[in-house]
Amino acid sequence: MRLLLVNPNATVEITDRLAAVARAVAHPGTEIVALTAPRGFPYISNRAEAQIAGAIVMEMIADHVEGADGAIVAAFGDPGLFAARELFDFPVVGMSEAAMLTACMLGARFALVTFAQALGSWFADCVAAHGLTGRCAGIRALDEAFASLAHVQDEKEGLLVDLANAAVTRDRADVVILAGAPLAGLADKVRARVPVPLVDPIAAAVTQLEGLARLAPAKATRGSFSRPAAKPNSGLSEALGRRMAGG
Amino acid sequence: MRLLLVNPNATVEITDRLAAVARAVAHPGTEIVALTAPRGFPYISNRAEAQIAGAIVMEMIADHVEGADGAIVAAFGDPGLFAARELFDFPVVGMSEAAMLTACMLGARFALVTFAQALGSWFADCVAAHGLTGRCAGIRALDEAFASLAHVQDEKEGLLVDLANAAVTRDRADVVILAGAPLAGLADKVRARVPVPLVDPIAAAVTQLEGLARLAPAKATRGSFSRPAAKPNSGLSEALGRRMAGG
Amino acid sequence: MRLLLVNPNATVEITDRLAAVARAVAHPGTEIVALTAPRGFPYISNRAEAQIAGAIVMEMIADHVEGADGAIVAAFGDPGLFAARELFDFPVVGMSEAAMLTACMLGARFALVTFAQALGSWFADCVAAHGLTGRCAGIRALDEAFASLAHVQDEKEGLLVDLANAAVTRDRADVVILAGAPLAGLADKVRARVPVPLVDPIAAAVTQLEGLARLAPAKATRGSFSRPAAKPNSGLSEALGRRMAGG
Amino acid sequence: MRLLLVNPNATVEITDRLAAVARAVAHPGTEIVALTAPRGFPYISNRAEAQIAGAIVMEMIADHVEGADGAIVAAFGDPGLFAARELFDFPVVGMSEAAMLTACMLGARFALVTFAQALGSWFADCVAAHGLTGRCAGIRALDEAFASLAHVQDEKEGLLVDLANAAVTRDRADVVILAGAPLAGLADKVRARVPVPLVDPIAAAVTQLEGLARLAPAKATRGSFSRPAAKPNSGLSEALGRRMAGG
Amino acid sequence: MRLLLVNPNATVEITDRLAAVARAVAHPGTEIVALTAPRGFPYISNRAEAQIAGAIVMEMIADHVEGADGAIVAAFGDPGLFAARELFDFPVVGMSEAAMLTACMLGARFALVTFAQALGSWFADCVAAHGLTGRCAGIRALDEAFASLAHVQDEKEGLLVDLANAAVTRDRADVVILAGAPLAGLADKVRARVPVPLVDPIAAAVTQLEGLARLAPAKATRGSFSRPAAKPNSGLSEALGRRMAGG
Amino acid sequence: MRLLLVNPNATVEITDRLAAVARAVAHPGTEIVALTAPRGFPYISNRAEAQIAGAIVMEMIADHVEGADGAIVAAFGDPGLFAARELFDFPVVGMSEAAMLTACMLGARFALVTFAQALGSWFADCVAAHGLTGRCAGIRALDEAFASLAHVQDEKEGLLVDLANAAVTRDRADVVILAGAPLAGLADKVRARVPVPLVDPIAAAVTQLEGLARLAPAKATRGSFSRPAAKPNSGLSEALGRRMAGG
């Protein structure tokens, strides 16, 4: 099984971190093809960047669709997820979607814990876009600057654990999702220090996509997620333009 | 990996059908332990029977918990699911829960198609209990008698396919779930005749539980899904009584 | 009029307390038949216990249905309520349901005040199961241990009044429900110390059931609350098994 | 016990019909004081008329508050209900509120059946104002003219029964409310011809108000339903003006 | 263009303040006809007063409908808005409705800031009546007495700015509405001291009504906002009675 | 006042039609700068195209921001709206957003009528994204092919009017929105043939944006719609890249 891990952020270190966690949880027969955004932003953190990065995600998948069995949109917030699900024939899973659906099987209500206040509203939009607001106990974020995005999970480990515990105690969360690509792998390190299940989004995404690919659902040929009718287009990347034109 | 397939219905033929589909989709290293309710009803179809059967599910898991890595509540409607999730340390997944969460990754809205009108309200309650009413496009059920529960999927195959197509055309469903244990295995047979992805609940449950067990989340020690405090009790089955007493 | 007060908890002292409040509010011609669970747990406080106790409630009603005009499920959380309503021909009312519906006629939003944090999530589920989440201003619970369940309302009277006042001041509750069987009778004692109407669930349940029994609605013969079709069954208590078999 | 039956419609025949049903269901010791709107409209059927009639309801209660133990706003749509509940010290119940809350104890979802399409939107607003939209299976109304409002229930009996049956069969209603003052008393006549419980709103209102009055909840002195602070005013009816001024 | 500014409060100073802000924002060709309630209360602040004042709003518009192109219900809480919209042929806009809809174009979630706790519940009802609860981040109100309603915005300016900032920081509001007629004009004075857009409800109402009047939508002749059928009536103000009678 | 009319579709005929309606409704002093997408698709009709077109909208605004007072995203579905609102300092309004908010002031529930089934799900997403699902009575679309997008409103005029009438009669819509850029101008032509107010989205957008620009709200410097922090970026259009980098 060959799965695309599509990082919409243009930072190789984040891709490497995500890929390491993904490979650790994947079955032996699963190949993880890790892709870094060739253009855009070092790290997406708001609606404006996500609008642009979502289109870049579509380009990246179009460039690597050949021979793949599925794709993960590997940024919390799931930029471009629904568009990619509509356009491509194999399963596409979002990192936040997978984390939330997995959390739904572990408790009644989940909380998101993340490393920057600026992400809060965008993440709340994401929860709503998946129709899961009723199951979200809250979103808690660090309130202070950090030295390096790539190492924020080490630098702020204690504070992030504190936030997770506050989500349990004050927000009555049954499950905590450690949200944001830079936190990949943290759940495993701190699981003994939080009294509820922790979900690592990229790990959840890999198991969800492996499961889906195994079920091999048919691509819709009618309805809202059938492939868009072929249309002439201009100014798109070569592979994406070809696909939108029906190729 | 050793997974309990807990059929709350006291009908071995249904268990056999579920187990066959489960084993077909499971990974080679997964052992499916198929259990049939030792008491109760041949087929659960309403709240009254589900209240009783849910308690029997707890007994069944308590009897077989040793050495297992997870359990599936293998009746659409998920009787006893939340109680079992609270009580046991390994992951417990419901067949309808797994089907709906899987459907959520395949489209915006799913429909349920089933074989008896009587199931409609109970299934609607189940959708609501999972907080997914906003993603449910509708519930469609056969309106006529059938000769045999065990063979209803063969006897009514054409009509069930018609219902699935009506769900797509009239209710704008992006995905169709063929709901109810007696329909296990039908999705595979008719997938070419419905223009959207079909979800087979027991197949979805196996992949979801395999994924969860692989992630091996910690059991909550606080909050709403932590194990209930030990309590004296009387009149329960031996193993269940022992577990509720803290054993 | 003969009404069953069905206590799902196996503690006679709680039944006695409930019966005393029930008899005080009932009309002269109303006979309250107070029943204590013959098996199960001394006090139900989570989903696992409620799943089991709900089935015991059904047994208790089946054992005493003869000559009765209605039944109250006398534990906050309403274990077994919807199942019993489906199965029996007379009105069945839940103690939390009656309290919440009564509160709805006294203000826009009600709060629940109870004696143990552990009850919070289960009560929240109960509010949701009745579709009243939008009218619930919050759930407040004591955060400390108590010496005796039977006397918690005396021991913690001051703190419970503080919680009720906090619900008014901070959560903007228009009405406060003192929730949980061990708090039966407390409302009357402290009403002068809380500036909004207090609802005593068992008192509300008695007046609601008296009213319903007076209206004498027909038992549904179609739809979701009609009596389940007769089914063979095994391993149930004698009277309940007979009733499920159509007797 | 002395209860005001406040008919916001200026038609004595409707008051008489309501009073007859109310007295038939009331306890022997309950006195029903039936009041007809002294000004306004023969029959309220939209928002504009309800806005005006709601203020008239307040006048009517202010005129007769002395010696009364509670009041019923006796028009479906509950004009003036929340205002009256705020202003007066005894319980005030709405006819549609009481019908819907009663229906909630008889099934999961209720339908409204009424005699004129024009009422549909106003009734839908009323369901929403009580936060019960999630429990409403639908609103069905006659689509044709009738000779006399006072006798519409006789003239259209067959069609109204058909609507009730359609609500059960097509909308999956568990309970049917026969909505609108001119239908008072119809439920009893046709109960054998509809296979689910029927609710007669004025009968439900009497039993709900008797129950509430028996519970004798304290009047709120804080929060959203405490009595408004005294204010100077002008141009109101004498008794209402006095009350608003703190008298 | 001639627009009625209908102040349901019987206080000329408030009308003057509203009219000044309205005229400052209106186009040169727009005439603002400012009307003060001829009876009722100096300042409406709860459901009881709003029920009465809403009927007075209808009288005021009926008295001045001739030659006008639209009307603003100029009290936060929108008393009588839906009734007036139904009854009259020109557009009618509520001050709180216009503020909230305008806020919806400036951010995802708005907060209300006002000058008295007592207004909180009534305003929450108003948000819900417009179906915008999901976009409301919270309602914050001053908690202390003030010397004069007419000058509360000067007297408490600093505290009101603090509340607005708290709404941004703690409730994550993207926009703040300064709610209540006595705060008209404040937004402009303090805009530099709050880091998100401020909405002045009367200014928003004028621009919304000017826009609507320019679009000149047809009056509904069917459906829920068509003009009520003519009905005999009694005891209403002369012009209103005539209009309700079809005049 | 100088307003950008940003057509995300790469079809000049549609831009021309939109601009004609916009100029007809705009105030004399308003200049409408009509822009056609320089790349992308002739007509956007699904999530995949909207994801890409939304990023193009951002480029188009960045290219023309100088000297403008606001922008309209002139495609139903509002591609890129929230991203543009975050990024730019002047007001940005969506054509569907403006239509729906305007409809909210004309009735309780609006319907969308459009020319292609394929648009239904995307439009439903758009309604949900604005939090207005509760006020949407339904979406009705033509079910048959048409000869030319540019002239579909003439070719199918009768059928579109039929759909609008069905929305009133069967879905109980109080207002009908004629949705989709190719229908611009139709509302005016057929207003006499539909018995409720019709909303023309581009006309609504112009009046809403003129109103907003007149109010001149401050740009948020905190919260979810403040301008994103400057970030290095690559591969974007020149002006957009500069702006994202803080220029």
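The first chain written gets the first letter, and so on, giving A, B, C, D, E and F; residue counts start at 1 in each chain.
By definition in this document, a residue touches a chain if its C-beta (ideal position, glycine included) is under 8 Å from a C-beta of that chain, and two chains touch if they have at least 3 such contacts.
Only a predicted model underlies this, so the values are computations on that prediction, with no experimental measurement involved.
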| item | value |
| --- | --- |
| Set of chains adjacent to chain B and to chain E | A, C, D, F |
| Pair with more cross-chain C-beta pairs in contact, given D-E and A-E | D-E |
| Separation of mean Cα positions, chain F and chain C [Å, integer] | 52 |
| Centroid spacing, where centroids are CA-atom means, of chain B and chain D in whole angstrom | 44 |
| Chain centre separation in whole Å, for chain B relative to chain A (CA means) | 27 |
| Sites on chain C at which at least two other chains make contact | 82, 108, 120-121, 172, 174, 223-224 |
| Overall pattern in which the protein chains touch one another (line/ring/star/complete/other) | other |
| Chain-to-chain touches, reported pairwise for every pair that qualifies | A-B, A-C, A-E, A-F, B-C, B-D, B-F, C-D, C-E, D-E, D-F, E-F |
| Footprint of chain E on chain C - complex, ascending | 108, 172, 174 |
| Residue ranges of chain F in contact with chain B within the complex | 120-121, 125 |
| Complex interface listing, chain D residues touching chain C | 25, 27, 82, 85, 91, 93, 97-98, 101-102, 104-109, 130-132, 134-135, 168-169, 172-175, 191-192, 195-200, 203-204, 207-208, 210-212, 214-215, 217-226 |
| Chain F residues within the chain A interface of the complex | 10, 38-43, 45-52, 54-56, 58, 80, 82-84, 86-87, 118, 120-122, 125, 129, 223-224, 228-229, 231-236, 240, 244 |
